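One structure, pasted below without further comment.
Which chain is which? They are A, B, C and D, in the order written, and residues in each are numbered from 1.
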Amino acid sequence: MIEKYSIRTDLALEQKERFESDNVEVQGVVLEESYDEEREIRITTVKIETEKGAKTMGKPVGTYITMEAPNMAVPDEGYHEEVSKELMKFLQRFLDKDKKDYSVLVVGLGNRMVTPDALGPYVADNLNITRHIVKEYGKYAMGEEEVHLVSSIVPGVMAQTGMETVEIIRGVVKETEPDIIIAVDALAARSSKRLNRTIQIADTGINPGSGVGNHRNAITEETVGVPVIAIGVPTVVDAATIVNDTMENLIAALETSETLRGVGVVMQGYNAAEKYELVKELISPHLNGMFVTPKDIDETVKRISFTISEALNMLFA
Amino acid sequence: MIEKYSIRTDLALEQKERFESDNVEVQGVVLEESYDEEREIRITTVKIETEKGAKTMGKPVGTYITMEAPNMAVPDEGYHEEVSKELMKFLQRFLDKDKKDYSVLVVGLGNRMVTPDALGPYVADNLNITRHIVKEYGKYAMGEEEVHLVSSIVPGVMAQTGMETVEIIRGVVKETEPDIIIAVDALAARSSKRLNRTIQIADTGINPGSGVGNHRNAITEETVGVPVIAIGVPTVVDAATIVNDTMENLIAALETSETLRGVGVVMQGYNAAEKYELVKELISPHLNGMFVTPKDIDETVKRISFTISEALNMLFA
Amino acid sequence: MIEKYSIRTDLALEQKERFESDNVEVQGVVLEESYDEEREIRITTVKIETEKGAKTMGKPVGTYITMEAPNMAVPDEGYHEEVSKELMKFLQRFLDKDKKDYSVLVVGLGNRMVTPDALGPYVADNLNITRHIVKEYGKYAMGEEEVHLVSSIVPGVMAQTGMETVEIIRGVVKETEPDIIIAVDALAARSSKRLNRTIQIADTGINPGSGVGNHRNAITEETVGVPVIAIGVPTVVDAATIVNDTMENLIAALETSETLRGVGVVMQGYNAAEKYELVKELISPHLNGMFVTPKDIDETVKRISFTISEALNMLFA
Amino acid sequence: MIEKYSIRTDLALEQKERFESDNVEVQGVVLEESYDEEREIRITTVKIETEKGAKTMGKPVGTYITMEAPNMAVPDEGYHEEVSKELMKFLQRFLDKDKKDYSVLVVGLGNRMVTPDALGPYVADNLNITRHIVKEYGKYAMGEEEVHLVSSIVPGVMAQTGMETVEIIRGVVKETEPDIIIAVDALAARSSKRLNRTIQIADTGINPGSGVGNHRNAITEETVGVPVIAIGVPTVVDAATIVNDTMENLIAALETSETLRGVGVVMQGYNAAEKYELVKELISPHLNGMFVTPKDIDETVKRISFTISEALNMLFA
């Protein structure tokens, strides 16, 4: 088996799949699946329950819910409303049901100027912001007896700010004392099939290495002082990932295909380390820092950002 | 004399002029003027030296330098370079010359989505950001022995964030500990003649009531903990200001013009309070929250934002 | 009566009101009004039926429908849906009901970079564009038996293109041969009360002098070769208009008010021409090319652009 | 030799290199190279002189100049000025030196909303537009005796307009009758090494299959009626290209490497068609319509667009 050295995915689901494909049992990790046939939405919950599981998975202990909705990439307004409602329900699981007046800070991570990384900023653009109104006029100004205080920030990326995103968020949290952060970010998937049709919700915050631009340190309860729920949508695949995957396929084909007369036999003489070296040499160093994304990413990101902001607007209405 | 009740200006120079036009001596305020004929730039320095002067002027104690450069509204690249250099020199006055490694946070105030209020965000877009590079690779990474650390943030306006801008800045300052803040903002002038051809630099920070959207509490050394230099360019006039000014002109004409046979005589029977009430009634309440700006504001704001970011890039190179 | 020399309005309704306020009967112009109490929408139809009426009104022969919906400036999604439906109905009046396969070119007039002038471009951004799909795959690709072909262009303004907008549109029409043009534009109103809460639909196209930037020659059936329906929303008031109006109020007050002892009497010695000159001198020449707009224009324009694009998407679905 | 079935490049230089790497002599194609050591700019001129050469190359007869300037991807203002000047010189070669009053239409191709495809629109944003001024005030208004008329359009992409770009351009050309078109577009390269550091200038216009989004028919003298000079910068690589290239490398390694004991021998039993099928099967169909681009594409595209618009502004000053 080739070492999957360069593979990066921000989806716990994909990380789990890798072990499954290798028939490796991961201790401390529980998987649940369900399928909503009517809406064609597949829900997968990955619970990393122990530190050992966390270490194996390379992701912190916590719950990761993945909604796979193939039609999310399609401009069907009614369908997007359904997805918004589902997303709202899953977010509710991470909130305290009895709390009537959440103060929530929504953080739109990513770079507004790079289309597949603009998901977070776009979500922030369409939120119903209420904190300043309630602060100024009291909660009755909202015409409701119980209101949540929604605030939002688009911190920008390090090349724009010169600061770690966590520095900005931590500072803002100390000053404005929200109860909870919801951080929205564009993710990198392993599989191009999942792009723009998958939403991951996690109660673990944002961790180093995740996100398109990978431009931040951890944004978690430990680093910012309040719980952080992360909403992510994979919009890119690392260029090296795509190349690596295809090469693994080629080598697997060489090893196993009956039609490839004889090659397989010879390849079996190589051990994993040798194959690893072979692939590594062939991947161009120019692919570092490059990502793969669809040509219609502008429409897709705009559409999905609405779906997410609608879910948040319903949740905190 | 009509009470100038509704007049708002963010320019200390204009505030001073008002008193002059009324022949009122303002104690504790010193004015210096110079004119660079070659470059056609008029420099006015208003120093508010005492608390009494501050009270009269409605602006805090400090130094306000105004550069009036009529050609700034024109697309002449060479001229803009000259203005950048002048601006850099005036900013240097507010810095410690012997300090070799300033850590400066540039704050781009205002609303990127409202053209005349986008000056601050646009300036931030074109800065050479270095703090993260120096932090990661050391100052020698910059190829210089002495380097300044430049960071930047575009906090957004309250309707977008639900937070006071000062809350965001104070938090960021506590986390990243800059030596100084430079806050760039679009201002409201009293006179439409000054729009887009005037830059005010002040060592007093940003104070309530200033700025196009007027969307923030004070951002000053007292509120954020480090000195705040403010760079402002008037890009709008309050709608009520323009109406008020013209009506004052009308009443003055009625009072003084010889050609207006007899009218003036009668008006003199009114005292200031009566005239004030007359004007106040006639200004439409619909003008509140409205501003006046030129139709080519998009090009002007873009051009001036470059001039300012170039000055900052030279200053901290 | 003071000559209303500098007053500009793009709303036929306001033009009509001016004559009414002066008790002038306008021949060849018919006015109809209705009020939808439930939705709080006032509908006014101005029909200019003769060339004489057109000359008096300063607008071409045709039908101008104005929807005044005060809540349009407010973020109420349900209400905006109602307005979209109403707008769709009025647009239908201008279309041939029996035609099943309209080829329509939507033109988003104005300047994307100047917020109150960005209405047209924003509407274009959210249209369901279908022409290229039908052209490539046939109308069954749309899953419907009868489909309209929707195309769209955002021509930009003359300062950006160096071309008259009508040159661009005429060229595109000749090449792509739409049946009809729908031109969306931001307008100038006379009254600040009407800003962002009024939609005008006219079958007369776009005529010189209308629009925020006033950046184009006529775009009408005569100039581009196909019928042009114009949808406009007033987002600005000319600065000179606001000043002029308030000064007229002042002079009227001086002339009539009983509390203004004696002044009125004297003013009556002036004829209209003299008063006209007085006002004209007092309006600053710096106000030319300046407009008045509300500070929250970014949110309002975004919201109303959705309302209009939804109406168009429903109409041509 | 594996058939290079899916490889797409918009650079004539790269097309030529492919044949060279296969030791294929291309008749009717002449290559010239020069290297400016001081500026580190490599200039390659590919002249396709015959229809046969055109057929082999898959590109029309004409001259393709490629400037490779590795530092173009770096934020060095002085260097970009040098590149602007070089670019201006090469553009001059395609113009009539004795013509004093060019009427030029600059077309900013691509999609402003997808970062690597926004090059053309960004270039248009920073041009000195003069046509409307000269038309209105005469050429002396520009303060010069001889002036060029510069106009510009950003037509948008088919998903936004529903029209082929060539339809829009042809229409605009007929109405405004420019002497020449300069079309600026983002390109797809074969090699990720060339991204954002290469400029191609060609007198052949824009041809089907070129550009990031590949969203248009030919824009050439034949289709629009005036000569079309194309300026292109590769900002993306097709995802399938990157995968294909690496797999070719793998198969080549398997065939030739001495360290890969024995595999090569067996692979040699496969003919080109069989290898072609093997690779084709392994490339994921999900990669169609996907591109690879660097994470800092926002800064790079902005910087290079300035370099190009400066060259055009100097050329037509």
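Just so we're on the same page, a residue touches a chain if its C-beta (ideal position, glycine included) is under 8 Å from a C-beta of that chain, and two chains touch if they have at least 3 such contacts.
Bear in mind that the values here come from a model prediction, so they are computed numbers and not experimental data.
J.: How would you label the chain A and chain B contact, same or different, if same means the shared numbers make up over half of all numbers there?
T.: same
J.: Can you work out the whole-Å distance between the CA centroids of chain A and chain D?
T.: Using C-alpha averages as centres, the distance is 34 Å.
J.: How many angstrom between the C-alpha centroids of chain C and chain A?
T.: Once rounded, the distance between the two centres reads 44 Å.
J.: At what distance in angstrom does the C-alpha mean of chain B lie from that of chain A?
T.: Roughly 42 Å separates the two chain centres.
J.: Among all residues of chain B, which ones touch two or more of the remaining chains?
T.: 159
J.: Touch graph of the chains shown: is it line, ring, star, complete or other?
T.: Topology of touching chains reads as a ring, each chain with two neighbours.
J.: Give the list of chain A residues in touch with chain B in this complex.
T.: Residues 124-125, 129-133, 149-156, 158-164, 167-168, 170-176.
J.: Under the touch definition given earlier, write down the residues of chain A that touch chain D in their complex.
T.: These residues of chain A touch chain D: 111, 113-115, 117, 159, 191-193, 212-214, 239, 242-243, 245-247, 249-251, 253-254, 260-263, 266-267, 269-270, 278-279, 281-284, 286-287, 289-299.
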